[in-house]
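The first chain written gets the first letter, and so on, giving A, B, C and D; residue counts start at 1 in each chain.
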Amino acid sequence: MSKPKVAFYWCASCGGCEEAVVDLAEVVLDVVEAVDIAFWPVALDFKVSDVEALADGELAAAFINGAIRTSEQQEMVELLRRKAGAVVAFGACAWLGGIPGLANLSSRESILEFVYRGSPSVQNGDGGVPQELIDVPEGRMTLPHFDETVRTLDQVIDVDYYLPGCPPPCGLIAGAVMALVEGRLPEKGSVLAPDVALCAECSRAATKPEDLKLKSFKRPYEVIADPELCLLAQGLVCLGPATRSGCGAVCIAANMPCTGCMGPTSRVIDYGAKALSAIASLVESEDEDEIAVLAGQIADPVGTFYRYSLPASLLHRRVEPARVSEGTAS
Amino acid sequence: MLEPEGGLTSQPISTNGGPRIGVYVCHCGLNIAGKVDIQAVVEFASTLPNVAVARDYKFMCSDPGQELIERDLRDGLVNRVVVASCSPLMHEATFRKATAKGGTSPFYFQMASIREHVSWVTVDNDDATAKAKALVAGAVRRVALHEYLEPRQASVRPDVMIVGGGIAGIHAALTMADAGKHVYLVERESTIGGHMAKFDKTFPTLDCAACILTPKMSAVRAHPNITLWTYADVVSVEGFTGDFTVRVRHRPRYVREDLCTGCLACIDACVHKQAKIPAEFDEGLGKRKPIYIPFPQATPPVVVVDPEACIWFKTGKCPRPCIEACERDAFDFEQTETFEEVKVGAIILATGFKTFDAAKMPEYGYGVYPNVYTSLEVERLLNAAGPTSGEVVLRGGGKPKVVGIIHCVGSRDAKHNLWCSKVCCMYSLKLAHMVKERTGAEVYNFYIDMRTPGKGYEEFYDKILKEGVHMVRGRVAGVTDEAASLEEEGRLVIRAEDTLIGSVRRIPVDMVILAVGVEPQPDAQDVRRLFNISCGGEGFFTERHPKLAPVSTFTDGVFLAGACQGPKDIPETVAQAGAAAAEVLAMVDRGAVVLEASTAFIDDAACSGCKTCVGLCPFGAIGFDDERKKASVNEVVCKGCGICVGACPSGAAQQHLFTDAEIFSEIEGVLEYV
Amino acid sequence: MSAQRYTYYPGCSAKGVGRAFTESLDAVFEHLGTGLDEIEDWNCCGATAWPSVDEDQAFALSARNLALAEDRAPDAGPVDVLASCTGCYRALLKTEHVLAEPGPTADKIGGALAAIGLDYEGRARARHPVDILVNEIGLDAISAAVVRPLTGLKVACYYGCLLVRPFATFDDQYNPTSMDRLVAAVGAEPIDWPLKTRCCGGSCYCGGPVIGAMPEATMQLSYALLREATKRGADMIATTCPLCQFNLEGFQDRMSKRFGRPLDIPAVFISQLLGVAMGIDEKRLGIQRLLRWRLPERMPVAAEGGGHARA
Amino acid sequence: MSEDASKPFEPKIVAFFCNWCTYTAADLAGISRMQYAPNVRAIRLMCSGRVDPQFVLAALSEGADGVLIGGCHPGDCHYQEGNHNARRRFELLRLMLRDMGIEDERLRLEWISASEGDKVQKVCNEMTEQIRALGPLRLATVPRWSADGDHDRAAELVKQVTS
């Protein structure tokens, strides 16, 4: 019996997820032993045509990391969807939009403007911006379309499973792959991580007071955190209470607060809103003006609470001011 | 046009055979049907997911209306119910009962308020119909998710607390004590009796206030089922209906209540030979010593030492002949505040009222001209046990020959209090009669309207008219000592428009009586917070329903009696006190109360032990198990606010009847515009 | 002390028969380090008899004055328009209220203003100089400016019918005290009397000569005030309205005859009293225009000039 | 739920009213027959402290142009502190929404006591007019992929709860 075929692919991502696969170290050999890798652009020389040549559903699974921003990414994930029995959204970006999803705070135009013209480090003679189609003496050149909005993988294709994390912890990856190989899969749509928040596995949980109230919020660079005590109790915005466990609280072990890459539990539909609610509840004041001041100490609330999940949030992206012509109609 | 597509909750839901929802749209006569197109709402409802039956009826709250629901439930046509009618604050209990009678959980029910929130507040019929549909859609979507809940019960402690020892508190206390319940009656003054004890006569029968009140006061003191605490106040209230823990502070009177017999020998012995301190009970018209009893029939008849005035407390140097004089050795100058906690099943608030501060209307000269009095001062002047032994003697001496009584002082006045104080017309007539009787003076009453609804009241008015009391209909512009003629020289002049003869009159008088209105107690807001009830805009305590629950409050187990709820005369106050007592008796004798079902709960497996909820609970209902690292809600203590649920960062905390999913569904429903 | 200058609307009376009011206010405000700038091309305030003929026209007149005041201060933000005559003050306040309420009247008046190229934005608000003196410049600043305290002078402060009615913007409607506090601030003694806001009958004169429409009623009303002030030992009546001042001052001989009780009590503008206390030249205060002016013998003699009797 | 372009824009406002004060005040407005804009649809919660920021976002994402939260005045909360918690969340949520390009007027927190029926009327009218002036809230449409176009996470949550 032939080994199941799997594919790895990356979209709008940093490459960290690919590293995570490599980081499986010895386990990766077991994986390679167990499966046939049919497509893995970052490591193996396959072509798109190799994928196209596969029969529909021939891949046992496609592990796709990164968010979706371009037409090329969309085409590729649609192709992989057709070829794969199961699609696993691999990592925070594919599941929730991730860090690239924060681009949803800016418009497509302003991004192009800054990257190709405005950024202080750019030297771009005539201020040209990449074109999807351009005729040059050598012939016609094309680039993928750059979408208005960053989307999560499941906003583009049907997704069977999600592996959370930035990047997903090795243990979870190995567990997922082995489960796949051994055919003991959970219900479709499952997130392949414990469905309980991080405090459950945080070694500092016991040091959090039951009636914690904060008079100020601090950022990590502002304090030297006590390595034993709950970071929230030290005024640092640690999102562990809102974030799935399964990572082993490694950031907290390094004395850095959880920023939420493992995403929400299954009972939460908007990660940022819930995290915001929990943090706001800690504010120690009943005075309306003071509450506003304390709330204002949390720098960049969207970036803080939706660091990994803006495209998956209920609002998806920043609302652009209506153009005048639009504003009057409807 | 960008619009979110798809619904938050549009997947069909399957529980116990799938929800089959019955929607019942009420006409409420024309209250709803006059504005909302009932047929359109019914047709719309029948298109909503999971709706098995949609009906309308003239009055859903009537017996036949409720039977519609019960029958459909019993016939198995439906297993969940939505009634679109009035506010849930009005009839939720009614329809929950009907649902339960249909043989299922009363909580498989949701109400859409299409009267208070739609037909009564919307101008346009189409808008009203659209809004009604939206609210129905919200209710239908959410009721599909309702879970099976059993009504919870808690037992009721048999003891009762009454706060305030005026006639309302006294009557309620005696009623309940006679029924065998133990009553704690807490009064902050040193005696019970309240305002009524200050009056000489009561209208319209002119029977002596003391004659009818003091026997009841004595009965309170003597009753084995009543614990009377005077000079005491409530400092905290915890718990919930059926099981309140009330903390009471006893202020020191420096005399042991259990020893003092009320012989008053100490008062005679006091080094203060003359009574010099304005007596509060006499509205400052009489004087008292640093050791005093407010009035002879004070109950309990125990003297009080005023540390502000007592030389011992001020200087530490006094031979204290009072101690000497006391045969019972009742003095204890070392007394301090003490606190006591009692557990009771129900509380009646009978905290009464205060009168309007006449100095707020400088045009009437109170506090400027000595011969301008408030009605309460005149009550004391007229009282046989008062500072003048019932003689109407002016502050400057002498009896008045002409007296003017100004009605509505601080009442029916946009600058002060908008409401009618209800009792002033009648007591002004009573004062007119009594002043005339005692002094033979000419009496003028200046009124806006005469309000005499009540048994024997109009007849009393008629009698006073026949006695020759002058009635001038018009608002008084001012009271001045500016004399325009020889006749006015040295007297007070009341300037008023006489609207019946159409001219401005100047009437010189020797005495002005201001019929001050009835106001909430100055600390009504504090008391309200203490007992977790609400006040209306004017500051009186709010009853649960102005018609159907006039002595209940929005806080179960806390009831109202007397003028703390609004201006009332004595008969009404006593009737209301009886009603409050009856409500409490019903509750205590039933022995159990149904508790609100909407408590919070924590999904144990989902709880990460982050403790976010623990400190947020205002009632300490959330416990944390350090071993298991899990939080859990004590559902008996939980009051169902849902603060913890809103904060729980991982969605492990939820609230019965207000789960996230139910609310998301309702949001989606109300946005289903048509 | 305020460095700001104020926009001033005098109105016909405080420029005509009661010009001493404007003169003395001008002098006192200058002395306090501020000043009054008269609105150019102002017109009748529309009080007096006009409203009973056509109320909307009367509002339009006031509205034009308010709009002109706003034009003087093109920057956004409120513009205080000081109106000394209480008749004008009330007319302007009433117009403000009418224009603040959206409706046909406001539209009509807005249209009328637009026709002459003006616009009322709602920034101009009528204030009375007494309000400014007490609540902006402040009693401390006024006390500090006194060089000749009016010690021993008993003053009956007469607020008249309109200063706090129907709009009580800065003082109690039934028992106003601003003027009392002002005269106390310059060392005089305000007497307590009950007729602070009783009608002087001034309106009965309006639109006619002295023996106006209702001479009998007017005489009775004014007489009551003069009699009561005299009875209570006042040396002087202080007023804030040209009509009141004129009424109370002008007919004392006639009233003495009519009511058989001799009357002789000066009725002055409160600003004149303040000015005297500040040592401002009597001419600048328009003292010479008064029919009666007399400081009581018991008062300490002024350092320079200042004869005691001049009536 | 698409809008008819020929119709003038009518704001949709979802309100979360606490049972004890603001919902009662809305009842009082009804009893007093105070007419106000029909655009506000009230959802009754026991306490403003129950308002989860997710509710606000869900309402906006489901098509509301604004969200109103009504609770008891400070110090008057039936549950002592719920309204303070509402305030805390509201302040932070407002800052977050501001960064998301959503105007302050679209989220409003008002303390309305049981006796302030007139305030319900005033606030509902005011907010309707303010949002009418702002125009509709234009959120990005990014539905989750689904075969039937009708599938998302909240639906799943609901399913999970009821299964």
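Please note the rule applied: a residue touches a chain if its C-beta (ideal position, glycine included) is under 8 Å from a C-beta of that chain, and two chains touch if they have at least 3 such contacts.
Predicted model only: the values in this text are computed from it and were never measured.
Peer 1: Under the touch criterion given at the top, what is the topological distance in steps from subunit A to subunit C?
Peer 2: Graph distance in the chain contact network comes out at 2.
Peer 1: Is the number of contacting C-beta pairs greater for B-D or for A-B?
Peer 2: B-D
Peer 1: Where the centres are mean C-alpha positions, what is the separation of subunit C from subunit D, in Å?
Peer 2: 53
Peer 1: Taking the mean of the C-alpha atoms as each chain's centre, how many Å separate subunit B from subunit D?
Peer 2: 32
Peer 1: With chain centres defined as C-alpha means, what is the inter-centre distance between subunit A and subunit B in Å?
Peer 2: Each chain reduced to its C-alpha mean, subunit A and subunit B end up 57 Å apart.
Peer 1: Taking the mean of the C-alpha atoms as each chain's centre, how many Å separate subunit B from subunit C?
Peer 2: About 49 Å separates the centre of subunit B from that of subunit C.
Peer 1: Can you list the subunit B residues in contact with two or more other chains?
Peer 2: 1, 8, 616, 646-647, 660, 664
Peer 1: Two-or-more-chain contact residues of subunit A, please, as numbers and ranges.
Peer 2: If we look for residues of subunit A contacting two or more partner chains, we find 266-269, 274, 277, 281, 330.
Peer 1: Quick one: which residues in subunit D touch 2 or more of the other chains?
Peer 2: 3, 5, 52, 54, 58, 61, 81, 85, 89, 138-140, 143-144, 146, 154, 157
Peer 1: By the document's touch rule, what are all the touching chain pairs in this structure?
Peer 2: Pairs satisfying the touch definition: A-B, A-D, B-C, B-D.
Peer 1: Going by the contact rule at the top, pick out the subunit B residues touching subunit D in the complex.
Peer 2: 1-11, 13-15, 87-90, 113, 115-118, 120-124, 127-128, 130-131, 134-135, 138, 145, 529, 532, 534-537, 542, 554-555, 598, 616, 618-619, 639-643, 645-647, 655, 658-661, 663-668, 670-673
Peer 1: Going by the contact rule set out above, which residues of subunit C touch subunit B in the complex?
Peer 2: Its residues touching subunit B are 172-175, 193-195, 224, 228.
Peer 1: Under the stated contact criterion, what part of subunit B meets subunit A in this complex?
Peer 2: Counting only subunit B, the residues touching subunit A are 1, 8, 603, 605-612, 614-616, 624, 626, 629, 646-652, 660, 664.
Peer 1: In their complex, what parts of subunit A are in touch with subunit D?
Peer 2: Going by the criterion above, the answer is residues 104-105, 148-149, 151-152, 154-159, 189, 266-270, 272-274, 276-277, 279-281, 283, 285-286, 288, 291-292, 294-296, 298, 300-302, 305, 311, 313-322, 326-327, 329-330.
Peer 1: In the complex formed with subunit A, which residues of subunit D make contact?
Peer 2: The touching residues are 3, 5, 9, 52-54, 56-58, 60-61, 74, 81, 84-85, 87-89, 91-93, 95-96, 99-102, 135-140, 142-147, 153-154, 156-157, 160.
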